[in-house]
Structure formats: C-alpha cells, structure tokens
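What follows is a set of structures for review.
Look at the two complexes coming up: chain A is in both, with chain B in one and chain C in the other.
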Partner chain A sequence: MSMTSVLNKVWKSLSRQKAVLAILALVTLMLFFDTNFFTPYNWLDMLRSTSIIEIIGFGVTVVVICGACDLSVGGTMSIGGILAIMLVNANYPFWLAFLAGILSGALVGLVNGFLVVHQKTEPFIITLGMGMLLKGVAQQLTNASPLSSRNMEFMKISNQQFFGIPSLVVYMAVLLVAFFCLLRFTGYGRNCYAIGGNYEVAKNSGINVIRTKWIAFVISGSTAALAGVLLASRMNTGSSIYGDTTGMLVNCGIVIGGTSFAGGIGGIYESFIGLFVIQLISNSMGMLGIGGYSQQLIRGIIIVLIIGMDCYARKRKREAV
Partner chain B sequence: MSQPGRNILVVRDVCKSFPGVKALDRVSIQVPSGVVYGIVGENGAGKSTLMKILSGVYEKDSGTIEFDGKVIERTTPIQALRRGLSIIYQEFNLVNTMSVGENIYLGRFREMGGMRGVHKKARALLDSIGSRISTYAKVGDLSASEMQIVEITKALSFDSRLIIMDEPSSSLTSEELKRLGKIINQLRDKGISTIYISHKLDEIFEYCDIVTVMRDGCVIDSRPVSEMSRSEMIEKMVGRTIDNEYPPRMHCVGGPLLEIKNLTTRKLHDVSFTLNRGEILGFVGLVGAGRTEIVRAIYGADKVRSHTLHLQGKQTRVRNPKEAMVAGMGLLPEDRKREGLILPFSVEANITMASLDRLTRHGIIDRSKEKEIGERQIKNLNIKTPSAQTRTHSLSGGNQQKCIVGRWLELDPQILILDEPTRGIDVGAKYEIYTLMNRIVEAGGSIIMISSELPEVLNMSNRVLTICEGRVTGEFNPETASAAEIMSRAIG
Partner chain C sequence: MRNENKLLRFINQNLVLLGIIVLVTVTAVIQPKFLMTRNLTNILRQMTSLAFVALGMTFVIIGGFIDLSVVGMVSLVSVITASLINPIGQVGALLCGLLAGALLGYLNGTILTKFGATIQAEVLFITYGMSSVFIAVGLLVTNAETLRIARSTRPYDMFTAIGSGSFLGIPISILIFAVILAIMYFFQTRTLAGRSISLMGGNKTAAYLCGFNINRTMQMVYTINGLMSAFGSIVLMSRVTTATATLGTGYEANAILCVVVGGTTLAGGKGNVLRTLLGVFLITLLSNCMNLLGLSTYMQTVMNGAVLVTAIWLDNRKRL
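Presenting the complex of A and B:
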C-alpha cells in the first residue's frame, strides 16, 4: 500500500466525523501558541469541566436515538442538585440525599415519557416546557438564591481524587463504558435504534415501543439529576440558575457528534466527542485570552460549521449512487 | 406539436456503469410520437437507470440521446421537464398538505397569474383529461389513483410530449387502472407519447403499442406488442423458460385454526371468517375495501371496536402486535419500506428483530447466535446480499421482502399474514416467494394473502374471500369459480 492511500484512508475515517476533525484542527492551532494547553493538568481539567454535560449527554443520547429529544435536562439537573443539598442540610445521610436527587430526575423522566409516548406530544416542545417548569420549581424551592451545603461528606463526592484523577472524570468514564455497552450489546439498546429507525416497523415486530421509549426518558432524567447532584457537590451549592443553557448545549453537542435527531443513528462515543468539542473550544479560547463576547461568537460559528458540514456530507452520500 | 410517425425520443448505444456493475450496455430505443411504449424487465434489468438518465438524475457514460430531434448532451430534471419530458415515479412527488391546483403549478404561481390563475388553469387541464377532482382538494385526502391523475396533469402543465410512468399501477385497483388506461389513450390521441414501465404483463398487452424487453442492462428485443406472445415475453425477461408463473397449488388444509367473529372497527362491519390449518386464504378486493384493515386489526396493530378471536378453539386476546406475535402470528406489511424494514439496519439485524428476546441473556445480545440466525435465513431464503452486515436499503425489492419473511420464519409462526407480498417484485423473485408460501403451508403453517393481482390469488389460494366496503361479500373456491364471478363480488 502506498503512502498516499494510507493517508487517504486515515483522512476518510477522520472526516467521517466532523467533530473529530474539529478537535484535530483546534489542537493543531494550539501548537502555534505558547500556552499551557498541552499540559496533562489542562487535559484533566478539561475532562473534569466537561464531565457534567457529558454525563447528561449520555442519557439524552438514548432518547435521541429513540427519535425524540430532551431539553428539560437543564431544569432536571438544577432540581436534582437543590434537592440533594436540602436533604443533607436537613441532616439526612449524604447517600440518601444522593439517591433522592437521582430519583427526582427519574420522576421527571417518567412524566416526560408519559407525555411523549402516551399522549404523542412533540418531544421538543414538551421537554422545553418541562425545563421551564422545573426552573420555576427550583426558584420556588430556593427563593431564587443559591443554597450551600454544610455536609463535608456530600462535598467529597465530586471533590476527591482517585489515583490522581479527579473523581468526576472517573464517574464519567464509568458511565461512558456503561452506556456504550447498553447501546451496543443489549437487546434494549438495539430496540432503541429500531424505534428511532422506524417506529412502525419496530411496533409490528413485537417490540414494546412504548415501554422502551419511556424507559429512555427515565434514563435521561436520571442521568441529568445525577449530574445535578454531582455538580452541587462539586460547587457545594445548589442553584436555580444552574442549567439555564444546559438543555440546548447538550442536545447540540450530541448532534455535533453525529447522532441524528431523526433517530436510529449515532452512539455514545459520538456524543462524547461532540460534547467534548464544546469544552475544547471554550478552553482553547480561554487559553488564547479571547474575551467572553468573542468566545460566544466563535463558538457559535464553529458549531454551525460542524453541523452544516456534517449534514452536507451526509446529503452528498445519500444522493450519490 | 410533433407529427405522427416522427420519433420523439431516440436513444443510441447508451452505456452507464456504476462501481462494479454495468447498469446499461449499449441500449438503443426509438419512441415514435403518440404511442404507448412499454418497457418490461426484471428488477435490476436497467429500466430505472435508463429513465434516470433520460430525466437527468444520472449522467450517461457514452452514447447519444435525441429528444424531439435535438441531441441532448447533459440535462437536469428541471431542464428535461421544461423540454417536455416528465417522469412519474412510483412514489409520487406531491406535497400532501397543499391543494391539487397548487401541486400542479408548484413553483410557478407567479407565471400563472397568482392563485386564481393557478386554479383556473388546473381546472382546464383536469377537464381536458376528463377528471372531476376539485383543484381545491388537499392532495393528502386523495386516493392513489387521483394522486396519479394529479401527477399526469402536472406533466401536461409543462406541455410534456413524453411522459414516463414508472410502475404506475402498483398502487391502483383494477377499477382505477381502467381509468388510467383511458387517460393514457387520451394522451395518445393528443400525440403525447407514454413510456409505460411495468412488471404486470397484462397491462403491457392492454395499453402498449410497442414493447421493449430489457435484461441485465441490455435491450433484448423491441417489437410491436401484437407480434409478441406472453410466454415469449416472459422468456425474454428472465432469460430462461418459465413453464408456469405459479407453482402447483398445495392441498394440506386441516381443521380450523383461527376464527374471527364480528370484527368491527371504524372501517369494518361485522367481519367473520375462519382460517384453517395449512390453508392459504386469499383476500380479494379493491384498494381501500378494508383488506389491509382486517389483517391489521387481527394483528392488533389497529384499534378494534369489538371482535372475538378464537385460536385453536380457545378465545384469545390480541391487543397489540406483541400479543399477536406471542399467539404465533407474523405480518408482512403492504409497504415494506415504510412498515416492514428498518432500512439503515443490516440484513441480519432486520431478521433478528422480532426474535431478539430469545437471543438475549440478562439483556445482552448473543452475537454468535445472532450471526447464526442471520446466516441460516439468508441461506434458507436464498437472499442475495453481499453479506449479513449489508444494510437493507441497498437490496432489491424481492430480497428486502425475503428479509421480512425471514424475520417471521425464525419465530416459526402458525399464521403468516402477507399483504401484497409480490408488489414491485420481479418475476423470478415472485416465483421464489410463491414456493416459499407453499413450503410454509406444507410445514403446517397457515397464510392469509392479500393481493391486488387476481391471477396470483386465484392460483395460490385454497379459498378466496371477497371484501367490499369493509364487509366480507363472498367466499369462493378458486379452482372452480371464474375470475369474473369473483371480481363482480369484490366490486360489490
């Protein structure tokens, strides 16, 4: 095999996912600047910062593969954190607070799932509304002011290290593997792809479409609340302003990764990459000392570019013969 | 207007290759003005490729195309349309949420002088082919044949002199087909040529003046229809002699297996019938008569007002497809791309979809077992696919259909419901589906078969029920009853 054909192959597999290409481009760009970008510390820090939205993203990916979406995760996250902090402050043991936080998310997922699956509402709108509703609840609960905890054990959950690796990164890695296996190797995962690929066919083939999709929403709510509890532990604070932009950001990152909103296509690895890109953009721009407003603009441009290029490539492929 | 006798379209030595396949090999045809020109051939014979080159979807590799005396080098679909060549695809190109008039003049509202002009001109065009469809009706509310008329009218609105119809009858009932025939005759009288692509040889003989047989990307023969016999045509299509289009009828009917009583839904009225063990039961009726609705209701896919279902003498409840599956039923739906297959899934994943529960241990899919099942059904059904991992959207219609059959066979169902199992499938693959049906009943299974092709039902079934307007109107033994007799009951 000649050198060019090897390069061609590498290029092909890389360009299949534009998000990978974006990561490479950004990393290459950073080579030209003298920053702390390439230190192990920075990479661990990036992973730690991104872990919260990654964890939310894993759950939402399941929903998106089923052909729906979940924009309520920002509110769910906020509620989960606030609830956990309120419980530890009321002197419940920290593990109970932890579980209760996650359960609150499962409950939100249950309601979302009921509305989408049984009442056939449009998931985009209904979960957007649910997100607003949850933010309202969070404001009522906290009187719209941040709530800090007084429990050291609770704080430790997200602020410790395992063998020098921040605990949040470890949690994320474990969930990454778990969700990867769920979607790749289990019958449940396969059924999710089938439902997203073609709902009617899945139904006619005896798949319990309602239960499968419903469970997907419960999973998504639970992971969002879990992320909320972890965030509250990390910040030692629960607040109703956490998660204002999270819902959009997470769903956006998933699409950047290459999981289709139409359903049936994508995976956890893709979502991980897509969500990481968002973090990488912020980090590298921070390193370069680009101001907040410009950051917002550049981030927007890059996101639109990636999704646009990806869709264009897919369109080309679809129309080719 | 072109004079009669002149050739509107001349195709000379056109070749087209795709990676790995020669789709067209020196194809030449001449279509005179004002004729109906039939093109027949099995799937993959190159008919669609040729049409797509004519309309500008694909580019030819070599050869010449002359349209209306002018050599066409390269073209786009819209240029072809403006030049006077339209194609009506099997799947209609209509906006379901817009009105008939808007659809006919889509994108040309301003040229037509606004919406009032659009509706006026659309009305005139529809009148000219004797259609009474309102130009204000929503296309989504129309029947398949009415949509086809809208497509034809749209073609006329571009002053088309050649209209290509790709499998125009696949969604039409025989009654609607007659109306289409009338319209095609009117087009001929106006000097407009039609290229009529179809699997159904009866239609070719009825409507076409000239016929071209294609096989493996080559033109095998072009002749006036009157000079070619049916068996000759089939022989040329498949490249071998088929003595019979149908395998011999099976006779392994046993005692009653499934009894349906008083099935009533919004569209069905008090439907009762019995299906026997080892029987092929044919449903005959017009599209929209309720045939599909009956089987969907039995299968639990649609909501039912009331009915009782006895399986092997025991009353059984089937409220959803899952319960139907457990009761031993399998459904091969009418529209295999929309309701039968998950196109982005592999052949293997499509086959194992319904039996996934048996392949999972603690929720984990057993890959080696899945592979085994995939390979077994591919071999068993002779599915032509590069590999078990190939995605089903690249397979031909017959092979896609076999994937769905394989999905159910894996479950060893007692009752297999086949809704239009051979629609859009070529002659050779049809025969394979027929023999497969015989194998299933031989093994003790029962089949309910719905088909719009009467000869198919008559030759395969042990018993035929006629369905009309949501009611069972008759029961016949296809070995003794005549086709006319059965059809008259089905029309009601």
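Presenting the complex of A and C:
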C-alpha cells in the first residue's frame, strides 16, 4: 500500500467523522491561547457538564437509528426532575422518587411511540408538539418557579464522587457501555438498524417493526427523564425552564456526530462525540472570553454548517448515482 | 342512513369551524363579557401578527418544508425597524424592515438549496440554527435591551396607527391583512408560480421533470415567508410598542399549529391560505376564551400542545 493511499484512507475516515475533525481543530486552536483549557480539572468538568445531555442523547440515538426523531426530550426531562423533587418533598423515599421520575418519561415515550409508530405520524412535528405540551404541564406543576428539595439523600445522587470522579461522569460511562452493547451485541439493536435502513424490508423479513420502534421511544423517554432526575439532584431544584433548548440541541449533536436522520447509520460512540463537540465549543468560547450572545451566534452558524455539510454529502451521493 | 353519513362527513371536514362555534357558544354562555365589542376587536388585533406569520408558513408547508426560523426573523425585523426610526424616519424604517424580512427569508432559501436539504428533518434543523443566528444578531445589536418606539425623537404615528388605530371601526392592521390575504390567495390559486409551490410539495421529482426550477421555487417560498414574518413582526411591534431580540418567542410553534389545524397537511402539496385563517382564528379564540374563563397561561401552553398533537393525529388518520 503506497503512502498516498494510506493518507487517502485516513482522510476518508476523518471526513466521515466530522465531529472528531471539529474536536481536533478546536484543541489545536486552543493551543495558541494561554488559558486553563488543558488542565485535567477542566476536562473533567466538561465531562460532568455534558453528562446530562449525553445521557439524553444515548436514548434519542436509538430512536434516530430507527429512522425517527424525538424533540420532546426537553419537556420530558423537566417533568422527570420536577416529579422526583415533588415526591421527595412529600416525604417519599428518594429511590421511589427516582423511579417514579423515570417512569413518567417511559409513559411519555409510550404515548410518543403510539402516535408516531402505531399511527404513522411525522415524528418531528408530533414530538415538537409533545414537548410544548409537557413544558406547559411542567409550568403548571411548579407555577413556573424553581422547586427545591430538602432531602439530602436525593441531593447526594449526583453530587458525590467515586474515587475522585464525579458520579455523573460514572453514570454516563456506565450508560455509554450499556447502550453500546445494546446496539452492537443484541438482537434488538440489530433490528433497530434494520428498521432504520429499510422499513419495508425489515417488516417483510419478520421483524416486529412496530414493537421495536415503539420500545425505542420508551427507551428515549426513560433516559430523558433519568437525565432530568439527575439534573434535579445535581442542582437540587426542578424547574420548567431546564429543557427549553435541550430537545433541539441533543438532536443536533447526534447528527453532528454522524448518526443520520435517514436512519440505520450511526451509533452510540458517534453520538457521544457529537454531543461532546457542543460542550467543547461552548467551553472553549467561554475560556476565550467570548460573550454569551456571540456564543449563541457562533453555535448557530456551526449547527447550520455541520448539518448543511451532512445534507451536501448526501446530495452529492444522490447525484453520483 | 345516507343523510347521517353526509352529516358525519361534513363534520369531519369542518372540524375547525365546529370547534370555533362550540368554543364561542360555551364562552359566551359562561362569560357574557366575551361578546362585548371591545373584546372582539381585541381578538382581531391580537390575531393579526400571528395571522401574517401563519400565512407565510402556509406556503412553506404546502411546499413540503418547514421553517423554525420565524422566531428569529420576527425578532430581528422588529429590532431593525425600531432602531431605524430615528436615523431614517418611519416610512424608511417600515420599508427597510419589510426588505430585511424578505432578505432573511431569501438567505434561508439560498442556504437550504445550496446545501441541498430536501427532507423535512434537515430543513428543520438548519432553520433552527438560522433562528439562533438571527436572535443572536438581534441581541448583539440591541445589547439585550428593550427598544421603545415612544422614545424615538422622529414622528412614529404610522406605527401607532397600525398598532391601535382603526378605520370605520375596523382595526387598520386587519385591513392591511385583508389586502395581503387577497393578494396571496390570488397568487396561490391563479398564478403559475403559486401553483408550482403545490406541485413541488406534492411530488418534487414530478415537478422537476415538468421543467420547474425547484431551487428557485424553494427560494421564492422562503422569501415569501420572510416577508410575511416581517409584516407580522411590524404589526406585533406596533401593538406592544416595544421591540426586543426575543419578541417572536413561540411564534414558530404557534404558526405551525395554525397551519396544521387549518387543514394543510405536513406532507405538502395540499392546503389553502383561507383555511389557515380559520386555524389562526381558532387558536387566538382559544387563548382569549381560556383567559376569560380564568385558566392559567400555563394551561394554554398545554392546550396548544394538545391541539397540535391531536390535529396532526386526526389529519393523519384521514389519510390512512
């Protein structure tokens, strides 16, 4: 194998991994500035800050691989957190509150799945409406003001450390491995890829498409609510504003990672990288002292560019055929 | 038996109209204040800005796409218009605002066609990113401060007229809307360019093979949407007499809601600007009635979400 073909291969795999490329570019850029960017503390902090949207992203990835999408996760997340805090404040044990929070998310996923999979509606718009509905419910429950808990044990869930590593990072790592195994090594995961790749073919080869896709929505709702409970425990408050932009951000991050909305392509590892890029961007911009509004501007441009590049690649492929 | 079927079909096809009638009757019985002229004019005034945005969104959805950037466009246009009153006067500011809206829409369309976004999901996320860009620009320009029209040193009576003036007892904003609606209805049903939008939404490949320039149609659709958002923005800004970089919050979901409730299918190709008007009417009435009945604003968000989900579901069942 000649040198150029090796380079070609490296370039090809890198261009498929736009997110890795973005990380490399950002890290190189940060070398030129004298900041605290390259300290272990900063990287651990970035991992901790990103863990909430990563956990949501793992669940949503399963849905996206099935060829759908879930924008209601923001609402699901705030409802999960608020419910857990309310139950804890009503003197229920903290584990029960924890479970009830997750269960609420599973319920939302069940309804989403019914509408999208069983009734074959457009997932983007249905889940957008669902998110709106859930935001209203969250506001109604809390009267639109933050709700704090008085239970120390509930607070400890996300605020402790295991061997010097923040617990949120540990939870995220465990879920990362679990979802990786689910998609890579189980029959369910393979069915998800098959459904996303070609719905009709999957159906005709005997996969229970409706059940598989429905379960994907339940998984996504549950992880979103789990993230909500963890966030509520971390902040010790449940609030209706937590999930405002989460749904969009998570889905964007997943696409940035390389999981395609067309379905059947991608994986948990890709989503992890894609969502980490978002955190990396805001962290490095913060380090450089860029103001909040400029950050929003740059983030918007980056989202447009990366998703646009994704579209462009597919357009080129279509035209080549 | 046959008559019953006919009745059922009529009800099924005019669910929105039925909803409006039921809503009006129930509210009027419980809260007679509802029927006062002041309240009714108020509803009309509140309706106009959303109606403009929904009108633009109708074209986008008929074309088979979607646009989340109307939040950004409404906000940015209001900021541009309000900040231009002092330097170039009110007429110039108004025209610049409308031009800016059309340009922002054109920018959206160009970016989408250049990247070759064809499915709704791609369009959704790119326009979301654009919205974030527009809002950020507005925030940077205003430094997140509220611009008050009343603080401008040059005359601003035109905006006051749009916001609260009336002609022969009818709010001026409604009159403007009626004119624009008539033009848009003519455009949609009677011109080649308008018909090509439906064709593109119905079947892109077929439209392409018929010789229509898909990219041009797409740019046109988004430019129309930008212009309509600018109209909506100016009407809204005149009514509340302030402009902020987040003025349009919630308009994207509400506009989509109105269009879908009106009966334009998200799959594209089918739809009518007049039906959207019914949707706008229902949604505005819903919030007014809930206010009068003493329900919290949070419940209105719940209700809007529920209506959106149910409307899409029912629309989908009809097609199955």
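Quick note on the criterion: the second predicted complex is superposed on the first by the 297 of 321 C-alpha atoms of A that agree within 3 Å, B and C clash if a C-alpha of one lies under 4 Å from a C-alpha of the other, contacts with A are read in each partner's own complex, and residues count from 1 in each chain.
Here, a residue touches a chain if its C-beta (ideal position, glycine included) is under 8 Å from a C-beta of that chain, and two chains touch if they have at least 3 such contacts.
What you see is a predicted model; the values in this text were computed from it and never measured.
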_According to the stated criteria, A:144 is in contact with first (chain B), second (chain C), both, or neither; which is it?_
second
Discussion item. Quick check for you: in the superposed arrangement, does A:191 touch first (chain B), second (chain C), both or neither?
Written reply: first
Task = Applying the touch criterion given at the start, work out whether A:122 contacts chain B, chain C, both or neither, answering first, second, both or neither.
result = second
Output check: A:205 vs chain B and chain C. Expected answer is one of first, second, both, neither. What do you get? first
Chosen between chain B and chain C, the partner touching more chain A residues is C
Partner chain in contact with A:304 - chain B first, chain C second, else both or neither:
second
*Considering only the touch criterion stated at the top, classify A:264 as touching first (chain B), second (chain C), both, or neither.*
first
Inset, instruction - Could you say whether A:296 touches chain B, chain C, both of them, or neither, answering first, second, both or neither? - result: second
Both partners, chain B and chain C, contact chain A at residues none
Within the complex, chain A is touched by chain B residues 18, 58, 299, 301, 320-322, 324-326, 331, 333, 338-345, 349, 353-354, 356-357, 359-360, 363-365, 407
Per the touch rule, the chain C residues reaching chain A in their complex are 66, 111, 114-122, 124-126, 128-133, 135-137, 139-140, 144, 253, 256-257, 260, 266-267, 296, 298-306, 308-309, 312-313, 316-317, 320
Note: in the complex, chain A contacts chain C through residues 69, 115, 119-122, 124-126, 128-137, 139-140, 143-144, 248, 251-252, 255, 261-262, 293-294, 296-297, 299-304, 307-312, 314-315
As the complex stands, chain A meets chain B at residues 185-188, 190-191, 193-194, 197-198, 200-208, 264-265, 321
